[in-house]
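The following blocks contain the structures, represented as structure tokens.
Each of the next two complexes has chain A plus one more chain, namely chain B in the first and chain C in the second.
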Partner chain A sequence: MLVTHARQLTFAHLWLAFLAFAVALVLGVWQMWARSPLPAPFVTASTYFSAVTAHGTAMAYVMPVFMIMGFGYYVAETALDRPLPAPRWAWSAFALGLAGALMATVTIFSGRAAVLFTFYPPLTASVFFYLGLVMVVAASWIWCVLMMVAMAQWKRANPGRPVPLAMFATVANAVMWLWTTIGVAAELLFQVIPAALGLKAQLDVGLSRTLFSWTLHAIVYFWLIPSYIAFYTMVPQAAGGRLYSDTMGRLTFILFLIYSLPVGLHHLLMDPQQSNAFKFLQVALTALVSVPTLLTVFTIGASLEIAGRLRGGRGLLGWIGALPWDRPLVLATGLAFLMLGFGGFGGLVNMSYGMNAMVHNTSWVTAHFHLIFGGTVVIMYFAIAYAIWPAVTGRAAPSLAAQRLQLWLWFAGMLVMTLPWHYLGLLGQWRRVATFNYADPIIAGWGPWVVVSLIGGVILLGSGLLFVLNLLQFNVSREPHAAAPGELYASAVHPPARVPAALNGFRLWNALVLVLMILAYGYPIAQFFVGDSPQALVHRVDERR
Partner chain B sequence: MNDPDRLEQPWRLWASVAILSVFAFSVLFGFVLMPVMQGRAAGIDAFEAICRALGITPGSPAARQPTTNAKAQPATRVAWSADLLNSLTKATAAGESLAGSCAGCHGRDGRAVEVKLYPDLAGQSAAAIYKQLHDFKTGSRPSALMTPMVQALTEEQMVAVSAHFAAFPVRPIPAAQLPAAGAAIEGLVARGDSGRGMPACNACHGDQSGGPTEAPRLSRQSREYLAAQLRAFKTGERRNDIYSRMRSVAAPLTESEIDGLALFYASTRTY
Partner chain C sequence: MPISEEIIVRSELRWAAISVGVVSVIMIALIYAGLVHHINPPSNIERIDPKTLHLGGEFTEANLGTRVSGDGQVTSRIVATQFTFQPRCVVLPANRRVTLRFATPDVIHGILVSGTNVNTMIVPGYVSQVHTVFTRTGDLLMPCHEYCGLGHSEMSATVRVVPPDEFKPDAEGRVACDAR
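Coming up: the complex of A and B.
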């Protein structure tokens, strides 16, 4: 079932997400150009940091939030097969988020918010920047509640039956996002916004960095979970097979909920305000994220093997060739896994204390998250959009070849851009620096690698524009779409008749998250209030003398 | 297995046990074993090592601290706080009476009696004046004339006299125009020179800058004084700038650039 509300909601949310995305891509290419030895137009320190603020804010907050909200509305109606509760609330949330995104954008482009997407207190931007982002987050909170209500209503109507995996995972993400945003919301509401309003002249940067770290790791899983939803529920179907295990899926999403939260201190390994012991604790918990990741690699691998063998694949690896690689969702999954492999390796480096010290604040870090977020996650966003667009627009896809080309270009561009970028990080190139002195003999050697990265960026821009074009093509397509939207989801090899309540809801897991968060973040936050903690002077970037 | 409670019990139990035992292992390892072993290698007793690992006492459990006995030499002893900056915005009667002792050189209204010898204070930022007074007093910036002048001043008096001079208007541009400094110098001011790793002067001194609190206003200061300061930074004779900000900017400047920059700032209004 896909009634008009979810259809229009998904349409509006995803278009807004991709519009922000397209603008941000152009800025990304210009930023790389500015950092290269080739002379780029308009480069000054302030234009550069305004651009990185806009690019980072669009890519890290606006695009994923709207993508995830839109996809969530779609899943809620199609996987649960019942109308969305309170669509009026959903539209209000959309309006709120849109207004917030516009407010933040105007503030950034008027040059009053060059503080980057991590805010960098004690720098403070114009308060409208933060308020805009708070509105975007508030919109997503409304979405979270709607998702939880939708699941609760379904459970009441279907007592004892397992919640469909796609919806279970969506609600897992909503629950996780509510936990995630507590950190940054506290930072903004109690520290940064009062400072931006001039109510506070000093703030505790140690505390604000700690609060931001609360959010910073879990937000990464917020971005990632839609891709995992596609892996578990849509990809096996697209490949012509079945999901190897529904229980593994549930466990994976639950483990993400638990282990993405009490681990954020791994973003502060080089920060002096947190102690060795708590860093160790949170890094140990970080290592456990490998469990759901490996579960997924195994389960999706097995599901694809089932599909390959059903299609006549033989031998140890013959099933791989037998998979329908011409289907965008399958192709995107293969490419996403490759990028996840490279990116996962980089992630292991980042979370290792000694190696982190070497790559800290270098281009290695930016390259790493472009590969895994811009690569693995975003390529699955493309594939999801391609997969649901027929149901959303009611038209069949005009050209799968154009979709495949777009995905290949994204993959190629991402590798061309990020592999040299990683290497530059190892050479010591700083992140968040606008221009480099290529006359310096040490830095001169970086030049060619940055140019290669820039070429990768141009390929990515081309791919991104082709993506927008491919979606627009649906509007000119004459061929109506036939299949029912529910057919997108795979059934499991052994569809569960019933599952324990622990795997059908989040009460137990929320209790465990609460306990873990108190243990892992309690003292690291409390120390700022019990002891004398140095305060930094607020520095306004929006106030020009 | 169809009784819901029988199905639920083990889940609740085992999930909690699994998660809390991972936690307990990490705590044992990270809070106790590791610091004790690191501490032993560094000659720190077990209790102290654990306290350090937890962040209750400062320092690392893996190294004695401090690692050297050399005395730290800060470039300056000024520490900015919100209260201090706030008090610098208020001109007081105390400031006015103290200013009398400065007038002989810097003028009643902060315009130096002889620009070739003394800097103007009128219109300078109060924070910049205070920073220099404090540095003269502590010896961070030694000066044959100024160091004795400020020895007797208290903290409050330095604040008061700074706020006093900051409130005066800057000296007007003289009728006889100085020659223009030229495009190369203006380039240094606006864009710096990435070839020599030099940031733009504007990044810290300009109207548009969000520069360091203590960065002084340069325009309408005398050519001689500006050039003398740049040379002092270049040679390291003046070394009270935090993080060597000015020393590193001045080091690559040529003699003619120093004169050009001094001329530029002496003849403009807005920096």
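Coming up: the complex of A and C.
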């Protein structure tokens, strides 16, 4: 079932997400150009760092929030097969988020918010930048509540039956996102916004960094979960097989909810305000968050093997070749897994406690999260959009070949861009500067690799624009789309008739998250309220001299 | 080709055990590196008031740069500030344990030293401390690697690593780049 509201909501949210994405893509390529030995136009410190702020804000907040909201509305109606509760609230949330995104964008491009998307207090931008972001987050909170209400209504109407996995996972993400945003909300509401309004002349930077770290890792899993929803619920169907295990899917999403939160201190390994004891504790928990990903690789691999063998694949690896790689969702999954392999390895290095000193704040880290988020996650966003667009627009896909080309270009561009970045990071190339002094003998040797990565960026830009074009093609397509939207979802080899209450809701897991967060973040935050925690003077970046 | 539920559960459990095993091996390696090779993050938690650090104590101007104490310990004290380091160049001996201490009076900064594993954030309110042994001589780059404002890209310093026999402290135990 896909009634008008969810259809239009999904359409509006995804388009907004992809427009923000397209703008950010152009800015990203220009930033790489500025950092390269090739002469780039318009480069000043102010334009560069405003562009970086816009790129990060669009890619980390606006694009994923709207993508996830839009996809969530789609899943809520199609997986639960009932109309969305309170569509008026959903539209209000959209308007609120859109207004916030516009407000933040205007503030950034007026040059009054060059603080990057990670804020760095005591640097303080115009208050309209932060308020815009608060509105985007508030919009996503409304979405979270709507998702939980939709699941609760379905459960009341279907007592004892297991919630469809796609919706269970969507609500897991909503619940996790509510926990995730507590950190950044506390930082903004109690520290940064009062400073931006001039109510506070100084603030505790150790505290603000710790609060932001609360959000900074789990947000990555918020971005990631839609891709995992596609892996578990859409990909086995697209490949012509079955999901190997529905229970493993539920466990994976529960593990993400639990372990993506109490791990943020691994972003502060090189910080002086946290002790080794808590850094080590959270590194250990970080190691555990690799478990759900390892489980997923196995379960999805097994599901694809079923599909390959059903299609006549024989032998140990023959099923791989028998898979329908011409279908965008299957192709994207293969490419996503390859990037997850590289990116996951880099991530293990990042989280490895003392070893982090080798790579912290070098291009290695930039490479890592572009490969995981820009690569694995975003290529699945493309595939999800391609998969649901026929149901959303009511028209069949005009050209699968153009979709496949776009996915291949994205994969190639991502590798050409990020593999040199990893290498440059090991050589010591540091992050977040507008330009390098290529006259320096140490830096001169980096030049050719920076140019190679820029070529990767140009390929990505081409792929991104082709993606937008491919979506627009649906509008000119005349062939109506016939299949029911629910047919997108795979059933399990053994569909569960009943599942334990713990695998059908989140009450128990919320309690566990609370315990883990108190354990992992209780003292690291409380220490700033004990004794004389030093305060730093606010430094405004929005005052014209 | 129906697979029985029992086989599925058993294979998933076997894989889960392998996954936990892999994670355990990584954690054991980290614990070993931390305890045996002392590879730990810089985490001394030493508070210092950013508003007054230039007025008295360790990070006053006269006290900055490299100094060898009476018991032979080599320490460099450096202030990171928008958008420069004070001093902009420090001399340190190769093949000898040295300590770098950083503080800032204004905003967040961070440093790495090119070609080494020296890396730390510099957060207003705290002294950041790194112990290391430089094994190669020459001028190494020490840029600010954390965004600190519009002048961030120009914020850089030099670490001059000299052979031990060229490392000659003056009567007060100081060694400076321009004095050489």
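Rule of thumb we're sticking to: the second predicted complex is superposed on the first by the 545 of 545 C-alpha atoms of A that agree within 3 Å, B and C clash if a C-alpha of one lies under 4 Å from a C-alpha of the other, contacts with A are read in each partner's own complex, and residues count from 1 in each chain.
Definition applied: contacts are C-beta pairs under 8 Å (C-beta built on N, C-alpha and C of every residue); 3 or more make two chains touch, one makes a residue touch a chain.
All of these numbers come straight from a predicted model, not from anything done at the bench.
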- Message: In the superposed model built on chain A, check whether chain B and chain C fit or clash.
- Response: clash
- Between chain B (first) and chain C (second), which, if any, makes contact with A:92: first, second, both or neither? neither
- Can A:281 be said to touch chain B (first), chain C (second), both, or neither? first
- Task: Once the structures are superposed on A, label A:158 by its partner contacts, choosing first (chain B), second (chain C), both or neither.
- Result: neither
- Task: With the two complexes superposed on chain A, say which partner A:512 touches: chain B (first), chain C (second), both, or neither.
- Result: first
- Using the touch definition from the top, say if A:45 reaches chain B (first), chain C (second), both or neither. both
- Message: Quick check for you: in the superposed arrangement, does A:435 touch first (chain B), second (chain C), both or neither?
- Response: both
- Message: Output check: A:110 vs chain B and chain C. Expected answer is one of first, second, both, neither. What do you get?
- Response: neither
- Task: Would you check which partner chain A:362 touches, where first means chain B only, second means chain C only, and both and neither mean what they say?
- Result: second
- Return first, second, both or neither, reflecting whether A:399 touches chain B, chain C, both chains, or no partner chain. neither
- Item | Dominant toucher of chain A (residue count), chain B or chain C | C
- Query: Which residues would you name on chain A as touching chain B in one complex and chain C in the other?
  - Reply: 45-46, 202, 274-276, 280, 284, 288, 435, 440, 535, 537, 539, 541
- Message: If we count contacts the way the header does, which residues on chain A are in touch with chain B in the complex?
- Response: 44-46, 201-202, 258, 274-278, 280-281, 284-285, 288, 435-440, 500-503, 508-509, 512, 515-516, 519, 523, 527, 535, 537-541, 544-545
- Note on the structure: So, in the complex, the side of chain C touching chain A is made of residues 1-3, 5, 8-9, 11-12, 15-16, 19-20, 22-23, 26-27, 30, 33-34, 39-51, 82, 106-108, 110, 112, 114-115, 117-129, 140-141, 143, 145-153
- Residues of chain A defined as touching chain C within the complex: 45-46, 48-49, 114-116, 120, 122-123, 202, 204-206, 209, 244-245, 248, 268-276, 279-280, 283-284, 287-288, 290-291, 294-295, 298-299, 302, 306, 309-310, 348, 352-358, 360-362, 427-428, 430-435, 440, 442-443, 493-494, 532-537, 539, 541
- Okay, in this complex, where on chain B does chain A touch? 4, 7-8, 11-12, 15-16, 19-20, 22-23, 25-27, 29-31, 34-35, 50, 52-56, 60-62, 80-82, 85-86, 191, 194-197, 203, 207-210, 213
